[in-house]
Each structure stands twice: as C-alpha cells, then as structure tokens.
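Note that subunit A is present in both complexes that follow, paired respectively with subunit B and with subunit C.
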Partner chain A sequence: MQPPAEFVHWMFATGFLLLGLFLLAQAIVGDEVWRRRAWRAYLWPGLAFLLGILMWPVMVFFTNSTVHMLAHGSWAQVMMLAGGAELGLVRGKLHSRYWRLTMPLAFLVSGAAFLIHEQNTWYFARSAFLHHLIGWTMVVCAIFPLAAVFRPRSTLFRTGFALTFVVLGVMLYCDRDVAPIFGHLSSQAGTPHR
Partner chain B sequence: MRRLQVTTCCLALGALAIPGAAWAHATLKQTIPAFGKRIERSPRFVELRFDQSVKALPNAITVYTAKGKIVSGPSRGGTDKRIVIAPVKHLARGAYTVRWRAVSADSHVVSGVFTFGVRQRAPPATEAFGSSGPTTAEHVVRWLYFLALALCVGGLGFRLLIVRGPLPPRAERRFYWVVGAGAVGAIEVGTLAFILRAEDALQLPFGPFFYGDLSPLVATRFGTAFVAMTLGFALVSALIFLAWLTDRTVLLWPAFLLALGFASGLSLSGHSAFDAGSSWLSELADWAHLASASLWVGGLISLAFVIWPAAPDLRRRSFLRFSKLATVLIAVLLSAGIYLSVLRVPRVSDLWTAGYGQVLLVKLALVSLALLWGAAHHFLVRPALERGAPLFAGLPRSLIGESAVGMAILLVAAVLVESKPPPRPTPTPVASHASAP
Partner chain C sequence: MSTQLASERAAVRRRTVRAMLIWALGPATMLAGVVWAFLQPYRITLLHPHGQGFWWLAIEPPLLVVLAGIVFAFLIAPGVIEDLDAEEHGP
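What follows is the complex of A and B.
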C-alpha cells in the first residue's frame, strides 16, 4: 500500500523545486510585476502550506523509527506555520513583518531535524552525506529569510532564499541510492531489493 | 584560487557518488509469524526479514509467554544476511511476545516488539509482555487530549450553533486562537500519547527508543486511531486556518463535522470497542458521551473566555442560547454515561470494591456538582435574563467555575479511560437435577 520512501522524497523534491522557482521568478521580476495577477502572491506560501499538510501522512505512515516520525512531524508543522504566516501577511490578516521570522525558524528547525535524525557520519553513505548536507544547508541558509525580514527588497537575500529551495529540491532527488541517476551503489545495503 | 575551487567541486561531486545505503538503518519488512496474527499451530522458529543486511546477536530474538517465560533459543543469521532466525520450543495455546534487536550495517541497534497468538487472538502490541500499563504521565496526556478536543469541537460548535452571526474583531481573534489551539493541541498531544504508549510497549531506554520500530504499534487499534485522528485534525487545522484567512465562516462547518467525526477514534479504540459486552451501540454511546462533553465544556470555555471579555453585546443572547443547548447536551451525556456505566460495572458493589468503580464514583460526584451549578444557571439566571434583568456581576466568575469543574471531570474521565473495568461475572452453570426414571 505504501509508496517506496524514495517516491515520497521525489514528490517533495518536486514541490520544493517548484517553490524555489516561484520565489526565484518573483525575485527576478520584482514584486510589482509578480503581483500584477493577485493570485500569484498566494502561489509560494500556498504551496509551502500544502506541502506541510502533505507531510502529515508521511509522518504517520512511515513509522520505522521514532526519530523519523518526529522529524517528519516537525517538518509538517513548520511548513504549515511559515506558509500560513506568509499567507496571512499577503491577505492582510497579519500586519507585523516579524511574522516572517517563522520562515528562518522553519529553516532552523528543519535543518536541526535533518541533522538529529541522521545517525551516521558524513562519509558513511551518500544518503548520510546528503542528510548532513541538507541539514547544514538549511541551518546556514536560514540567514537569507532572516535577513530578508529586515531588508525585504534586497535581491541578494531573496535570491539566496529562492535558491535554497532549488538546491534542497535537487538534494532530495539524489537522497536515495535507488535513484536512476545513481543506480544501486551500496554494498552495505546488500543486493538491490527494489 | 581557481584550482582550489575545482578541487572542492570535484570532492563534493565525488562524495555524492560514494556508495550509499538505501536507508540510514535497517527496517523490519516481514516477520514469521506476522504481527498480531493468530496461528493454529506452534511455529518451529521466529523469523525476521529486514530490508538490508543485519548482524544477528545471540539474543536478537526473544520470545516470551504471557507470564514472561522465555521459549526461544539463541538467534542466528540466515544465508541471506537480511534474515534473522530463532528456534522456539513447542508453543502451547496462548499469547506470545517477541522482542527483537539487530545491528544494522551502519552499526546502530534497531529494536522492536510484536505479538502473536497460538490458537487464540494475539494481544495488541501495547499489551505485550513487559508493558507496565498506563502511567500518571499518560493520564495527564489523555486529559490534555480531552481538553484539546473540548476547545476545538466545543469552540467550533459554539461559534456555529450559538453565535451564528459575525463576531466583533477582538472576539473573532480570540475564537480562532481557542479553536486553533484545540486543533493543534489534538495533533501534538495525540503524538505524545502515541509515543508514551510505544515507549511502554517497547521497554527501551531513551536513546535506543528513538530508533525503535513503531510499525507494530501503528497496526493496533490505538495506532489506527492515532493515524486517523492525526490526519483528521491536520485537515481540521487547515480548514480553520482557511476560514480565518478568507473570512468564510462556512469553512468552519466541515471543520466542525470532521472534528466531531474524528473524535470517534477514541471510542473506536477504547473500552467500548474492546471489552466484554462491547458492540456498535457501546461505541456509539461512547462517542455521544465524548462529543456532548466536548461541546458542553468547550462551549462554557468559549462563553467565559471569548464572548464575555470581548463581545459584551452578545453576552445575554449567547448565554440564553447556550443554556438551551446545554440542556440537550446534558441529557445525551447522562443517558450515554448511565448506559456505559451499567455495561462496564456489572455489580453495584464494584463501585466501591474495584478501582474502576472508585474512579467512577469520583467522576459521578464531580458531575453532580457540575449539574447543580448548571441547574443554578438554568433555573435561576436564565429566567431572570429572559425577563430583561441586568447581567449579574458574578456571572463570569460563575461560568469560569463551571468550566473548571468541567475540566476536572475530564481529568477523572482520562484516568477512567486508562483503567481496567471490573471483570464481568461468569454465569454459574445450572446444576442438573435430572433424576433417573
């Protein structure tokens, strides 16, 4: 019944890639052009919120360890929180720009969850390497949404914020060694089981 | 400088291509006997199949009888490195618990527990041998869960059935904080409850517990309820958020109905679904009991903390409407409660001799207090307000007091839900007096 874990990773990778591309487009063309169609303002926060909702089934159905369950739960919550806060700001229901601090918070929590739930060292395996890389990428790149709260028009911070999601998407595509681009490479994983 | 950049890029790409495990650690894919299965013959061995190679320790698999006797031999790995096997003695009819641990290729220990039954139904993994049963922490968590349900279901019900029309902005904000806290609380506290139950079943220290396999727990009724209610309340949270975002109260209706529906997860996984004498009627009564209690306590909280401080113009109307609804809720609450008490407490003497009965007595005492308080509001305050008398200065404090009693009832209910009802008396066989012709 359950899809293989890598399919779920690829699905979320696609979501993050789209999210990054929306943000990148907005950073390139600027807010005025981007918001000529009112619905575009809701595009990326809506997608972030939706990805948060979709993470709940992952949390409850992939329970092969407690730490995995808790990590997926924390991602679901921070994505809903950050996406929801941005939706509230766009809609005019929230007014303080400090609500945007939920995004760097989401980055920090997500990065910490990646680092904590990975038990192995960097060079143990590709998946371990990527988990560390994703974790540290999110922790370090939290600086972009954090700086964007105080310098909302800075192209550097907005582009950095957008590219973080693009990079995150690409890393999630590569996260499993059954990915067709790498094949089954692990000797430790035994014979290919899929 | 350029050379350094190229080297760094090559190293990064090389690291991406080094051999990688499909999972960070081994995951149990299949067992013989299967999780929670009833089998008709004693198995000769217990087999675990993982998704990757594992190292089998001599005590990798331990099989216990219901009384804790070990009936398994030393474990060994199969020819396939993903398999671990332990021989077992001939197993008599009964329930058995399998506790397992294996070392992944990544040198981390993964562990788990599951049960099976020989010629009888297997107990759920939450009742595996070694589990100590509900603790004080679980009682508190269950109470917080009831409170979260009351805030969410009761708050939504109050908004849709009592207030109906628009609220002043300040009251609207308070309302969304209350029901939002309830919906999010139901998810958070539900997860905590599941983890506490899993910790008790797995019987692992803090560190290894983080790598414990929770899959057998999800396969129990409690686990199924956890899955359904987490997903349900995630959806409820999203609907509440969208209602707030778009100012569309109509979205609160599906949120309310979903929250009411998913609250049944507790009824479908508790005493009313499991114990002797349980039927669809007991499950329905349990759900009606829980739903009416949530609406009543949540409604009182909304009245005391949303309407009274933030919507003075709506106080009188809301109080009168809620008073009418509360009468219906109390009737349902009492009818369902009496039916369930009769079902679970077979002898009157169980009320003072059995632990379950004693907790039920405390609950009945608190319910009586709440009924007296509610009756004072219904028969003294309500007629006066209907005649147009001014609002009593002490009424908000009185509402807070009634809410506090309601919350205390939920605490006792949480202890009651986790307690074991007294056993039903077995019918005495009628002695045969047939005489020889």
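What follows is the complex of A and C.
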C-alpha cells in the first residue's frame, strides 16, 4: 500500500502549489485585507508547518540511505521551524521580525540538502536533474524571503517568494522514479516503467 | 478637489485590478491542469482504469492541479474579494 516515491513528490507538489497560491494572494491584496479573517492569517504558516510534519513519515518510510534520511529529516525540521515561527508571529506570541529569518534559513538548508544528497550528475536521470535544479533554485531564491524580512511590504520580494513555491511545485510534479531528462538516461538508473 | 477625485479613482482602479487578479488565480490554475491533461492524457488513469493500482488511480497530477485551483477559487478567493470590497466601502 506504500506509494512509490514519485506519488509522494506529487502530493507535496500540490501542497507547495497551494502554499504559493496563498502567498501570492496575500502579496496581491496586502496583509491588512488578507488578515481581515483570522483563520486566513494562519493559512499558509499552518500549511508550511503541516508539510513539515508530513515530511517525518516520508523520512521514516522512504529512507533508502542515511543521506536520504538526513535530507528528509532536515527538511521536516526547517519547514516546521519556519511555519511555526510565522504562526507565532501571526498569533502575537513572537514579536521580533527577525523570526522571519527562519524562512530563508529553511530555503538554504533545504537547497543544500537537495544538492548534497543527490549523488548523481545532472543528466543521470530526471530525478537527479530535478534534485540539482530544485537545490539551486532554493539556494538562489532564498534572497526573496531574506529581502522580505527587511522590506516586508515589497511586492517584488513577496511575489518572488510566492512564485518560488509555485515553481517548486511544478518541478516536483515533473519528478518520476525513473525517466529520461532531455533524452538522457544512464543505463545504471534502471528501466522507465511508464 | 479634482486631484482628490483622481487619486480616489486610481485607488478604486488598483482595488479592481487586485480583485481581478485574485479572481483569476483559481481558474488559471485549473486551466493549467486541464492543458496538462490534454498534453499528457496517459496521466489521467481514470480514462483507462483497467489494471491500474490504487495510487495510479488516486493520485493523478493534472487532477491535483485542477483540485488546487478549485480549492483556491471556491474556498479562498470569494472571501478575499469580499474583504477587498469591504475595504473599499467600509471604514
């Protein structure tokens, strides 16, 4: 009954897509309008926290090496930290805006984990290509949440932050267990099953 | 007086553009899922369910994208647009 890994990627892709849509909507209308309904203020931080929690079973059930376990565990921790910090800020339990630095930290840790735990080259298979691409995307796009800490009203940074999650979702949707990338597939990668 | 009128009109126009963007996000997401389904119809296993396992039938990426669009369009967007309108008319 355990799903193949690609299905897990697609389910998380849906979570990231929703996260991106919520953040994009908040960036478009601004905090005042977005937080007119209390539940909406908790929406994306809660979803980020939930995705972090759901990463734990992924760590437990989809561990095919120590480095995979460490990568999934680090994603779970930083997603919960960033989501939890934002929840604390929204609730008023936390006050310093510097708690928002947990989000660029999550981006950097996640990106590094993607890059470090992918042992194969870019064109080994589609999953290897996507791991490299997602890793570098997260490292580079950490600039958006980082800049938003110091310029919280900047539409550019907030939109960039939101669209990063949409792009991550698209990349995760492209993931397959074994599939070629631009016609390249290493003979060691296995046989594409679909 | 005319400067004040012009700035009020500009503010209303900005709110209208924002409302349009919020309204369009859900349908645009749904459309992306539908386009994807046409480009890769073999991903819609419900069209040929015979011999498919649970996960292949339950998790179909283009349908997940459409679902995300539906969630946003029906659960999030109406309230946000309503609140934008309230900001325009209310105190």
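Please note the rule applied: the second predicted complex is superposed on the first by the 175 of 194 C-alpha atoms of A that agree within 3 Å, B and C clash if a C-alpha of one lies under 4 Å from a C-alpha of the other, contacts with A are read in each partner's own complex, and residues count from 1 in each chain.
Quick note on the criterion: contacts are C-beta pairs under 8 Å (C-beta built on N, C-alpha and C of every residue); 3 or more make two chains touch, one makes a residue touch a chain.
None of these values were measured; they are calculated from a predicted model.
Contacts of A:H95 after superposition on the shared chain: neither subunit B nor subunit C is touched.
Contact with subunit C, but none with subunit B, is seen for A:L17 once the two complexes are overlaid on the shared chain. Judged by the touch definition given at the top, the superposed model places A:R153 against neither subunit B nor subunit C. Of the two partner chains placed by superposition, only subunit C is touched by A:W34; subunit B is not. Contact with subunit B, but none with subunit C, is seen for A:A128 once the two complexes are overlaid on the shared chain.
On subunit A, the surface patch touched by subunit B in one complex and by subunit C in the other comprises residues 194.
Of all residues in subunit B, only 15-25, 27-28, 51-53, 81-82, 105-106, 108, 110, 191, 195, 198, 209-215, 217-218, 226-227, 230-231, 234-235, 237-238, 241, 244-246 touch subunit A in the complex they form. The residues of subunit A lying in touch with subunit C in their complex are 1, 3-4, 7, 10-11, 13-14, 17-18, 21-22, 24-25, 28-29, 32-34, 36-37, 40, 43, 173, 194. Residue ranges of subunit A in contact with subunit B, taken from their complex: 5, 49, 53, 56-57, 59-61, 63-67, 69-70, 73, 76, 80, 84, 87-88, 91, 93, 117-120, 122-131, 174, 176-178, 182, 184-190, 193-194. Those residues of subunit C that touch subunit A in the shared complex are 18, 21-22, 25-26, 29, 42, 54-55, 59, 61, 64-65, 67-68, 71-72, 76-77, 79-80, 83-84, 86-87.
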